[in-house]
Amino acid sequence: MSDLFRVEGLTKSFGGLAVSRDISLSMPEGERLALIGPNGAGKTTFVNLVTGQLAPSAGRVILNGEDVTGLGAVRRVRKGLVRTFQVTRLFSDMTPEEHVTLTVLQREGKASRLLGRFHGNSQVSGEVESILATLGLIEVARRKVREIAYGQQRLLEIAIALALRPKVLLLDEPAAGVPSSDTPRIEQALERLPPSLAVLMIEHDMDLVFRFAKRVVVLAAGEIIFEGLPSEVAADPKVREAYLGSYANARSVA
Amino acid sequence: MPAASLDVRGLSAGYGPTVVLEDLSFSVPAGSRLSILGRNGMGKTTLLASLMGMTRRYGGEIRVDGSDIASAKSSERAMRGIGLVPQTRDIFRSLTVEENLLVGIKGRPRSVIEEAYEMFPRLKERRRNLGWQLSGGEQQMLSTARTILGRPSVLLLDEPLEGLAPVICDELMAAFSRLAASGEMTILLVEQRLESALDFADSVMILERGRIVWQGTSETLRSDHELVERYIGVGSLH
Amino acid sequence: DTVKVGIIGPFSGPFALQGKNFQAGVEAYMALNGKSVKGHDVEVIYRDLPAANPAQSRALAQELIVKDKVQYLGGVYFTPDALAITPLLKQANAPLVIFNAATSAIMTQSPLVVRTSFTTAQTTTPLGKIAVDRGVKKVVTAVSDYGPGVDAENAFKKAFEAAGGKVVEAIRMPLNTNDFSPIMQRVRDSGAEAVFAFLPSGPTTLGFVKAYNETGLKQAGIKFFAPGDLTQESDLPALGDGALGLLTTFHYAVSHDSPENKRFVEAATKAIGGADQLSFPAVGAFDGMHVIYKMIEATDGKQDAQKAVDAVKGLSWTSPRGPVSIDADTRHITENIYLREVVKGPDGKLINKEIETFANQKDPGLASQ
Amino acid sequence: MQTILSIGIDAFAYGMALFIICIGLSLTMGLMRVVNLAHGAFAMIAGYIASYVARDLGWGYGFAIILAVIGTIILSIPLERFLFRRIYGSSELTQVLMTIGITFCVIGITNYFFGPTLKTIPLPTGLSQPVDVGFRTIAAHRLFVMACGLVVAAGLWYVIERTAFGIKLRATVDNAAMADALGVKTQVVYAVSFALAIGLAAFGGVVGAEFLPIEPYYALRYMVTFLVVVSVGGAGSILGAVIACLVLGAVDTTGRYLMPDFGNFFFYAAVIAIVCVFPRGFFGKAQ
Amino acid sequence: MQTLAQSEKLAAAPSLGSRFLRDAIGIAAIIVAGIAGYFLFPDNLALLTRVIAVGLLVLSIDLITGYCGVATLGQAALFGAGAYAAGIACVNGVTEPLTLILIGAIAGAAAGLLMGTIMLRAHGLAQLVLSIAIVQLFHEAANKASAYTGGSDGLAGLMLSPLFGMFEFDLWGQTAYLFGLALLVVVFVVLKFVVASPFGMLCRGIKEDPVRIGAMGAFVFPVLLKMFVISGAVAGMGGALAAISTQVVGLDSVSFELSANALVMLVLGGLGSLYGALIGTVIFMGFEHVVSAINPFHWMTMVGALLIAVVLALPGGLSSIADAILPSRGRTRGGKA
């Protein structure tokens, strides 16, 4: 059982539409996996199934050798299974600093304390600051989220996930909406993650995918149609047709 | 409606008390393509939203084919031919795909939604699904299709490729180019991917902190690496 | 000098009409008898208490006493409001003259309370005999599920069974019942020959009477008995012809035929602004003011609650409702109770026509306490 | 058996009366996202107009209904223009504040001008007679109310789900700024739907007056009932409202028949049970 | 705003001292206003005491509505639980005022636990309706259990022993008022700490997006339930204070009307700010008292007009005036309070 994280035969359909057909996947410690595939292939659904937002009709999710399929979403987070949202879900009236502080406090189990003050809590402020700095959010740290640009909100999503110190991190299009000038920030943040962490990233930005991933899985119509090294992906005709299009050509020329 | 020209003079706009755009002036000839570039939070979205009438205007003129629409409500602007595909997609979550499209047809016959289905066959498969059930990319397709169905003469695209599979991006950019080339639409595109943006547009405008800091042709920008580095960031061009 | 009287009543809210009647009664009395007693000017201060709310009632009474320095408290439509005031009276050295609140037990709470209205037991009790006299042996009681409703149920049951009848079923209906058809269905299923009802005056009586007519109970010959709250004059226009023939017992009918009543109705109508808004709380207030005037007279405008109350014990006079007196032991009013039938009056309007008199009724409720 | 049928028909009539009065509120709350606590006040205004037309002028029931609906809508136009328009899109609690304020004012003004007495709307003879339906007699107007309820339900369903206006309305509610940007005149859409909702309130107030009598306090007295029914059904859902009205009407009626002493217990216990099983109401929008 | 430091360090957070000072000023203002009320309106102490009792109820609603986003129209169930518990205890021989307040708090907290457990099963409008259903059931139960509660006649005859053996609860209401004021200040200070704690922040997060909070690894239900219990205790104390000061408990203290009025007061004052709750209560009850004394027959129109005017002029509630005047109660801080 060297795999940190494994799913077996995950299956789900909405009405007549099968969005996840018997997906099995495993990730060892330190894995950097990219999950790509056409729109509506079932990638986000896969993340929802893994994190417990949705219940699969069949299949198991195993973390650290423990079957977590029966656990709720919150317990899975506490066990180290953390995600970001494709469409940002943030507290529009709170500041990035407050978001991250709250997350750190929660991780430490101090978030529901009635004693002590939330603001100016020196025990966590150092860590909060370094997380915000990693993602370049210091400048907007004290502005309400509703007032900061969308790209920055995406970065904050990642900041929150990092603040949870996950074992397995599932990133749903972390770079969508983040300008190419700022994607390096995300990459840097990912690089600084503890090496033992397993990361699964869904992304349509192929440059980022190829820089990041050690392994690529391609999902189409709820099924894994390809699994292998990044260098092999562009060569696969099925993937080219279903997903890559001209990108594959550009790539093979380059 | 054929493509219209767009003239912006001294536009200042923002949200509530915050002024984001200051004194912007530029013009886009009918049927041409303009890319708007700029780092995160520099005001690209705000600019497009202001053209659509969705922000607070502090001053300036917006002329479409010569007539000023700066004080018109967004619905009037829509009727005068402006169409926006917003960055946040803003699909109607509780409506079905088909109903979403019907909102966008602006009085054209119902049957025109077939055009949208042709452009995005994926949407046809999901036509009875509610908006919130769609995947991210499907929402993006829906948002784009919905606006295009209204046949705008000035089309404002705010990062329309976000979240789309590369193969769809290609098709979509090709479609945009066709629409512009046919003389039906003037297109303003905000796009993070420099290459796509330059490939698409005749001319380019760079925003920084709510002001225009550079305007010129795509060719000039493509060849001027220093400029790119200064305003947009390193490593953007391959 | 001025003697101040504080009147607490529902002047706004769902019971505003009853409050308006308080005001009309008070104003009518002052119009007919002058605004001063033995040279002491009488000033009335109204305080609004829209619904039963003892805490607020107490706060209002307290304020009237402490801030406005009233010597007399009057009014009070609901029992809980009265109960909340009684503990204050001794310390405040002020009598409370109740114009309406109709639970027997209030009188035992303080020796400084006098009541000029009625109790539910008092108006209900004669119905027991009346029902039996009309050949009714089996009755279903249907009352609103709150203090006065329960009082009415008990009083009727006691009187009716004493006269040889039998209550086959006792239904208590939640106060906010809108549709009474199921209740009527139940009455019908029980095989009773009559229904005894008690509901607080106001909108729900309309629904009840309608349901009685529409579900065919009336046609089936099932009789209807109720204390007069159900057919108060101000509700009659709304009840319409459906109310014709209903039998109720009460202490006062606006149509009561006496010179005192004519004078009263004329003055009170002027005060309230419309003849069809006048009903029983006005007469309670009218006589309440009479008692207060007598108290002022007896104490010569000085604040002495005990003396004031003692002065009216045993007092008797002719009220618009007929001859009345204040019982010296209970300080509650002794009065005639009339059996009335709803009929069309000479001008075509519905009235409660008095057809039988039960003279000098005391409150039977206290005896059973 | 006869008893069951009899309770059933009472329950159905009561449920349908509730439905006609509440559906307008369900639309305002579910589609326009306005918690209009003044809904009952409009129903009451209509009742006063109808009472005046039918009783004081003696023009007949049909006229009374039509004039009440039109009159109430006309009265509501300035209110929409100057008050309601300010709270579209505000938080629900701000809307509660404003609409409670409006309710208080309407009550106060009605009380002042028309006095606190009950107002009745005389029925035409055809509707006021008891009708024999085989196993019992039932008032004809109850049958009329049932028919009205069914017609209203079907008509509304069609307008909202099937017409272009319905789609625009739902789009506007979902995201007004975007609908506007797509060329939908959102202000007009709101104004028309508001008028529709008020018209329904007016119709319900008049037709349902036999169940919920018209008096100044109408709006406050039945506010809880209205809110409960709308929410149990799921605001904005016509089918939900129908089911909620029928179920709650049945519970209420049966409870009052079987154990009148505990009538309200049953009603509210049922509400709790239903909501615990359907946490968003029968047909609430899950988002 | 545009000129925020470019550095990669956070500017030092506003010092603890200045926050503390601001709160101290706020609380001092409440005490001063309370004492001023005592001397300015010596004849209205009964009303002022009632304002304090209702103020506690409104504060308790603010905790779950303003801070957690759970709207309720049934809070009087908790208030009434406290009032009846204190009242029944008092009638049965527990006459010491502080003990009665404690009993009220416990009863309110228990009722809060029950109410929270039920209400948190639903969402949105349905949740609101649950709260209505619960308060109606409480009302029904209090009506039915007339042997203990006095039913619709109310529970009368509460005889209190003097506070600390010295101060009588009398007709003039001085003891009751000062006692109430002290209670309010203590509760307010405690609540200040609660809303400024990490727990308070967690609640605000839940208000904005419970799914997000779940994805942060925090359970939503226990947090909200805890707030319900705290809120219940506060409401229960309000009820007990009402019972002590008026010496009667009526069915109105478990009514929908009281719940709705209290919610209106809260919104009037401004949600999510403890000061707003108090301002709303004082303004609403004061206004109502004044206009109903001036015209007992038609004051409702005036109150309605006030509510409409506030929405039109100050959509954020009355306390937003303070925000506008005192920009230091700044944007970037946590709660508005």
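We call the chains A, B, C, D and E, going by the order they appear; numbering starts again at 1 in every chain.
By our rule, a contact is a pair of C-beta atoms (placed from the backbone, for glycine too) under 8 Å apart; a residue touches a chain by one contact, two chains touch by 3 or more.
Going by UniProt, the chains are A = Amino acid/amide ABC transporter ATP-binding protein 1 (HAAT family); B = Amino acid/amide ABC transporter ATP-binding protein 2 (HAAT family); D = Amino acid/amide ABC transporter membrane protein 1 (HAAT family); E = Amino acid/amide ABC transporter membrane protein 2 (HAAT family).
Quick caveat: nothing in here was measured; it's all calculated off a predicted structure.
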| item | value |
| --- | --- |
| Touch-network distance, chain B to chain C, counted in steps | 2 |
| Chain whose Cα centroid lies at the greatest distance from that of chain A | C |
| Contact-richer chain pair (by C-beta pairs counted) among B-D and A-B | A-B |
| Approximate Å spacing (C-alpha centroids) for the pair chain A, chain B | 28 |
| Whole-Å separation of chain centres (CA-atom averages), chain A against chain E | 42 |
| Approximate Å spacing (C-alpha centroids) for the pair chain C, chain D | 35 |
| Where chain B touches two or more other chains at once, by residue number | 18 |
| Residues within chain D bordering two or more other chains | 108, 111, 264 |
| Of all residues in chain E, the ones touching two or more other chains | 1, 140, 297-300 |
| Inter-chain touch pairs (all) | A-B, A-E, B-D, C-D, C-E, D-E |
| Complex contact set, residues of chain E against chain A | 1, 4-11, 13-16, 19, 193-194, 196-202, 204-205, 208-209, 211-212, 214-219, 222-223, 226, 331-334 |
| Of chain B, residues touching chain D in the complex | 52-54, 73-75, 77-79, 83-84, 86, 90, 92-95, 99-100, 102-104, 106, 131-132, 146-147, 150 |
| Residue numbers on chain E that touch chain C, as the complex places them | 43-47, 49-50, 140, 143, 150-154, 156-157, 170-173, 242, 246-253, 257, 292-293, 296-300 |
| Contacting residues of chain D [partner chain E, same complex] | 29, 83, 86-87, 90-94, 96-98, 100-109, 111-112, 224, 227-228, 230-232, 234-235, 262, 264-265, 268-269, 271-272, 275-276, 278-281, 284 |
| Chain B to chain A touching residues, read off their complex | 15, 18, 39-42, 45, 87-88, 122, 126, 133-138, 140-141, 159, 162-171, 192-194, 232-236, 238 |
